[in-house]
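Take a look at the structures listed below.
Here chain A shows up in two complexes: once beside chain B, once beside chain C.
Showing the complex of A and B:
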């Protein structure tokens, strides 16, 4: 069917509202971010100083703290990809077994993700507190008296992992819900056929569940990577990047520079960080396509 | 059918644009909500401000509106966004260091109050240190026209609070707190031996750990030395800077620090001190109000950070101007705003504010009416850091704070920490070129 010019105009009219919103609230900020990254500007001065790629060069070669923060985010992401998603998959498999109170579990597991990150951070900060914390109280009650005033968030060895634990606790519910939805789309007759052929639970998981879940796992992993690399509220409310910068992640560094009036520099950091995330996400998509069952 | 579709699509688009742009216009008949609008972040003072505004309305017929935006980082972002959009209120505070305030002034957002301050001896009612932070001297590095650019509402300084009951419990004389560094360390050891956490502060907030270190920088270097360090003539690897890092190492080795001090925000440190979990707290004069609200029966006093025996210069402390207000240069109500702030800083209003909020008023003539602890703080205003024509870059200050934390957690030696800071200083110097 041929579309007439009037219909074309009508169709275009229908998308105008969405297009305008996209241009104003998505495209313009992205382009402006790129533009600002080439200027030195504090957000107040009338004039912006063109510095070309100087800020990029400085971030790439003279800002080890930024790359350290990237490694910290990477560490949290690896833990989230493995432990958090492993737990989410395990719980999704259990709940998918038609156990009693499936909806209650679903609700309970999905509670942490819907809580505010700052609130969760502040509550866990109390849990970890060296003076008043409930964690040390329990450990001491169990006989681990060395932990009486152990400051989990102030020790280099435990600070980042402690924050990562909270991040995983807060995040596993998302993966759980998505994976559970994915599990429920797998046809039951495949399992019935496998049972007739004598396949045990592990073989069913390995040859049916996992291959058919790969597209869903890919989505969960991409969301985990993006969510974990961009973690901010938990870190800010729990440690503010301390002790001695050991829990800084890229977003807290960007925020630090932005709040000190380094608009140009912080936008350059944001562009570099965005490129890193894009590369990781594309690599993830490429790998998942390679291992996709359908192919 | 086609006509109907065309009508629907065009209507939707029109409705969208009408809705989108209807808020962009200004209603000519719209009355301003007040004669003078003040944006501030001091939530604890809103009630007192409103009462004063009501009195001012009765006396003069001028309506002043105080609008609160908190916390401070939200307030700061709002000011910066409002400046960019040319929507600043009549009175505000950018909550920035001198360099950033200079940007606001140079961009024409902040009025020069020098002439008004000279009239009727207005500037003479203030503590001298209350004005220095926002006074730009001739030849300042930001090319700001010399003058006074803000009206101080209150002043503050940072000292060490100590819990008299816990001192007694540890066998220390609460009426005779430590005056030298060695006495301070010994007192800390005695407190630790009595199972009391000796020292707490919000060292997780970089500026507090920095403020503690800067006191010793002034003590060891003096004004010229501080300035020469900023200018890069004295490196951070200087033995006096290493000594400053060593002080923190000494405190760590003597187990003076409360658990988790390096990630502690000041609110948590204040709670720790108020509830008797720590015997000493490095905090500002605002702590008097905070501790009163947390524990009205807390028995405490304050002392200056102990001086070093080898120091050749006076021990100075962070402080001076507390909260100040700036007037929007572009405001049509500029004169009304100046008149109100002039009224606000006079004796009766300052006394009311001091009593209602337990802060030290910027008006030195009412300082006699303060509580004993606040009086010590107000006497200490003269011993706060002097104003400098240059400031250290925030990145280097940040590195100092981070490396002080590193020393406390035993990650770096004082020498390594000093080297790290010097490395950042050199990077910043190179970047500036």
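Showing the complex of A and C:
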């Protein structure tokens, strides 16, 4: 069928609404982020001051608070990658064994990811409360009386780890669902053949499950990295970056600078952070491919 | 033989104990929120009980009457319903065009769209804030809605295009020969066939919009326009020590999501798996 110019124009009408919204509210803000990052600007003045890479340099070399926020997010991310994903994989393996009540477990494990970050943050803030929180009540009942009025989220030593625990509580169900879906795509006859050959459970996991699951594990790892590094709602609702910046993460930092009217500086920070995220996800993909081909 | 049976039973028992412990850990904070929302302030301050001594519904009344929760709730319903409707309508139109029609710049546009899905772009809320300000849309319902709609488009177009690609073309070609317009085919044939994919998208986008907080924080100042997640933070600042009242607010914000989740679980799980495994 030949397509006339009129038809082409008619066809184009189908994508106009999406195109207009995409260009204005997705693409333009991305380009604008790069542009703003080279200017010093408070968002009000008519003139924006061109400063080149000065803000980048300042963030990279003279802003320890930014690096602290990166380390904090990194800490949450590493805990999520190891503990949270380890738990998710273990649970997926257990549930995958045709046990009774698979659906019930699945429903319950995926409940925390469905809840909003603000709701989860505020519930746990109450659980952690020094005086009226149930955590300290249990700890004192168990005999740890020095926790009687311990404020988990206001103590420098415990604030970040306390937030990380909540983040993992909220997140493991997500990895669990994806890993379980992945496990269920592995053909059963592979295990039957292995059984005939006398392979035990660990050998089956090592030689069948794990290698075949690597692509899925990679996806879960990348989603975990991107989600954990960019955590915001939980931090904002639990600590707002406190005490004394000990739970600040890059997004709360960017938000803070923006709220102070430092639009250029905050976008430069966003660009640096975006590049870090991109590098980390590509490194992850590269490593998993290499690992995969070596086998 | 008996020994093996015993061993098997023991194994499954241990499995269920482990899974059950995790399940309780998942459920307890939610239970605690609901239980505390029915307590009085005095009880919270004086005694630790798992369940309220008397079921005290007054926190819910106070939340709705004194703390603007009625307005927050309705705003969230509005943003979610209108936002999801436009995401589905606009993205299905575009996805149909990407799957079936010829037009200039088709491939470039599609790759550009997918690129924004794959590349992490933190902090776009900064230029979005400036953009809405210069458009006069800051602190307006329309401004927030436009951001929600455009945020949902890329993934929806990606998912629906994949779905439309797999549909057989014969019916559409027959309809075309019978004189049906392209829009007629999209509306009467393609959209009804795409119902499963659309259902998944409706649920996932509803969850996303209902739970969204950061954009609402950046864009809205006026309490009358705030969705419930944003309202919760305002509320928490005002009634900082009134935990039962706060828990009532949290419960109000959570119940619709939990109901939708329990009813539509399969679609959600499918959507997550589709999103992750295809990406």
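By definition in this document, the second predicted complex is superposed on the first by the 270 of 295 C-alpha atoms of A that agree within 3 Å, B and C clash if a C-alpha of one lies under 4 Å from a C-alpha of the other, contacts with A are read in each partner's own complex, and residues count from 1 in each chain.
Keep this in mind: contacts are C-beta pairs under 8 Å (C-beta built on N, C-alpha and C of every residue); 3 or more make two chains touch, one makes a residue touch a chain.
Owing to the predicted nature of the structure, the values given are computational and were not obtained by experimental measurement.
Overlaying the two complexes via chain A brings chain B and chain C into a clash.
In the superposition on chain A, A:142 makes contact with neither chain B nor chain C. Of the two partner chains, chain C is the only one that A:278 touches; chain B does not reach it. By the touch criterion stated above, A:196 is placed in contact with neither chain B nor chain C.
In the superposition on chain A, A:159 contacts chain B only, with no contact to chain C. In the superposed model, A:242 makes contact with chain B only, not with chain C. Once the two structures are superposed, chain B and chain C can be ranked by residues of chain A touched, with C on top.
Judged by the touch definition given at the top, the superposed model places A:188 against neither chain B nor chain C.
Once the two complexes are laid over each other on the shared chain, residue contacts for A:95 go to chain C alone; chain B is not touched. Clashing C-alpha atoms between chain C and chain B turn up only in stretch 134-142, chosen from 80-88, 134-142, 152-160 or 260-268, once the structures are aligned on chain A. Under the contact criterion defined above, the residues of chain A that touch both chain B in one complex and chain C in the other are 10, 14, 17, 43, 129, 132. The residues of chain B lying in touch with chain A in their complex are 2, 5-6, 9-10, 12-13, 16, 20, 73, 76-77, 80, 83-84, 94, 96, 99-100, 103-104, 106-107, 109, 197, 204-205, 258-265, 268, 272, 277, 394-395, 398, 402-403, 405-406, 408-409, 411, 427, 430-431. For chain A in complex with chain B, the touching residues are 6, 10, 13-14, 16-17, 20, 42-46, 58, 62, 129-132, 149-151, 153-156, 159, 238-240, 242-245, 256, 259-261. Interface residues of chain C, counted against chain A in their complex, comprise 12, 15-16, 18-19, 22-23, 25-27, 29-30, 32-33, 36, 44-45, 48, 90-91, 93-94, 96-98, 101-104, 109, 112-113, 116, 119-131, 133, 146-147, 149-151, 153-154, 157, 182-183, 186, 207, 210-211, 213-214, 217-218, 229, 232-233, 236, 243, 246-247, 250, 253-254, 257-258, 261-262, 265, 268-269, 272-273, 276-277, 279.
By the touch criterion stated above, chain A contacts chain C in their complex at residues 3, 7-8, 10-12, 14-15, 17-19, 21-22, 24-30, 32-33, 36, 43, 87, 91, 94-95, 97, 99-101, 104-112, 114-120, 122-124, 126-127, 129, 132, 134, 137, 169, 173-174, 177-178, 181-182, 216, 219-220, 223, 226, 230, 232-233, 236-237, 250-251, 254-255, 258, 263, 266-267, 269-270, 273-274, 277-278, 281.
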